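Just so it is clear, A, B, C and D label the chains in written order, and each chain counts residues from 1 on its own.
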């Protein structure tokens, strides 16, 4: 899959700290927040690719609703831990975009979670629409970035 | 204040259960979620008044953004506790609406929190607009409900 | 898989309403909250099976941290929609428990999402421990319930 | 109030970005999240004062549950906006600690919100306990920091 290879060149790293309300009474971060951290990751990847997601929606009228998501929870994250979020664009073709994520504890590099999200490319009317070619090129790192 | 007296006639009760992700590592519900429970309370009050908030926004183009909120936290709420939410409309005039809330543990009627929210009445453009009279009458229970 | 067949007998239904803060600026419920709704579903299933999850943690010292989760997002959920949550226990053996979920719009029965969670059975020390037989029987509906 | 004057010397600044799930269908950040941002502010203030809150709970056995909170919402915050969080310790005596907050849009310095939280100083048993003097001195900036 040629797009897969192209997309693999786009990797982004960012960090977040576990917030107190993200913990639950088990004393660790609740699993639903990992999806929010994944979203922080793809937000930064898209910003670095020159297509900040806010502008994508507001200016280009392109939306990326999540149509599938999955995560493995390998080790717990605790309050105030710094989480490294590694995001990889692994598909961007037709009406589909896919990101893969690895979360690590920044203190000891231990892998906490691996996951993915698949998105539909949609227009303002909420209907699927082909990813604009210029956007696809920027995302995959094969166009003129920024 | 005549509106205060009128408004006092509108009281609503509903319940919610403390969700696992609403707890934090202290083992109790995190204080930010109380604002969400207050919102459940006023949502039900408005539904009972015949002005479901969703239709208010979608059909009437009236929005009630929060401009002030406050809460006292009197006793902790724990996972799976049933919370009684008592909501009282205490002001509805001009461009302001105010709700007061009392949260109780449904098991033993212990008061957990008292709080309030003040809302601006706004139009679709986000600018303050006088509360429509028909809406004010329904909210305060002095119009033809439903 | 005999346990699968046994487990299939345990199905639970409950409902929730989409809360305002569960929506995002796309105008629909944010995908991370679906994991919270799944949790509401398994909480009710366990309550109906006579093993309320809070007591499981507090009394029995058994914890079910999520080790894997996945969801497909088929149709959007909107503010104030009533969501039917159908939960099915599909595995309960050794140190693993699995639940499968179907979310439907209660208004028109349209399927909104299908998903699953896999849990490790752990003790107070956070280490995996075999699901106690009495608990397994209650969960799968083959023991003396209540 | 001498403590008030002392405390006034402790000010902290940090930033956060508005996350997508923090927005609601009104297109702006939901008001409950401001309490979470306030918490980010006091977390950083305490870290800078040499008493990271996690260690306070885990090592010192001191907890600061919120007993009162309030906020004014002056201007909306939007997706991906950078929020400046200014936190001021305004009381630390007996069994009470108070923080005051100002949130600004980092882009144009516009004030978005002003608020406060009051905390009880509690021990591991959840009962109020006098703020340890060494902690009080570090918090107010009158002890040996770090």
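Just so it is clear, a residue touches a chain if its C-beta (ideal position, glycine included) is under 8 Å from a C-beta of that chain, and two chains touch if they have at least 3 such contacts.
Owing to the predicted nature of the structure, the values given are computational and were not obtained by experimental measurement.
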Chain separated most widely from chain C, comparing mean CA positions: D
Result of counting contacting C-beta pairs for B-D and B-C, higher pair: B-D
For chain B paired with chain C, centre-to-centre distance based on mean C-alpha positions, whole Å: 29
Chain centre separation (chain B, chain D; CA means) in Å: 26
Shared-contact residues (touching 2 or more other chains) in chain C: 20-21, 25-26, 28, 32-33, 36, 39, 79
Sites on chain A touched by chain B in the complex: 20-21, 23-25, 27-28, 30, 32-33, 79
Of all residues in chain C, those that touch chain A in their complex: 25-26, 28, 31-33, 35-36, 39, 57, 63, 65-74, 76, 126
Touching residues on chain C, where the partner in the complex is chain B: 19-21, 36, 39-40, 43, 52-54, 78-80
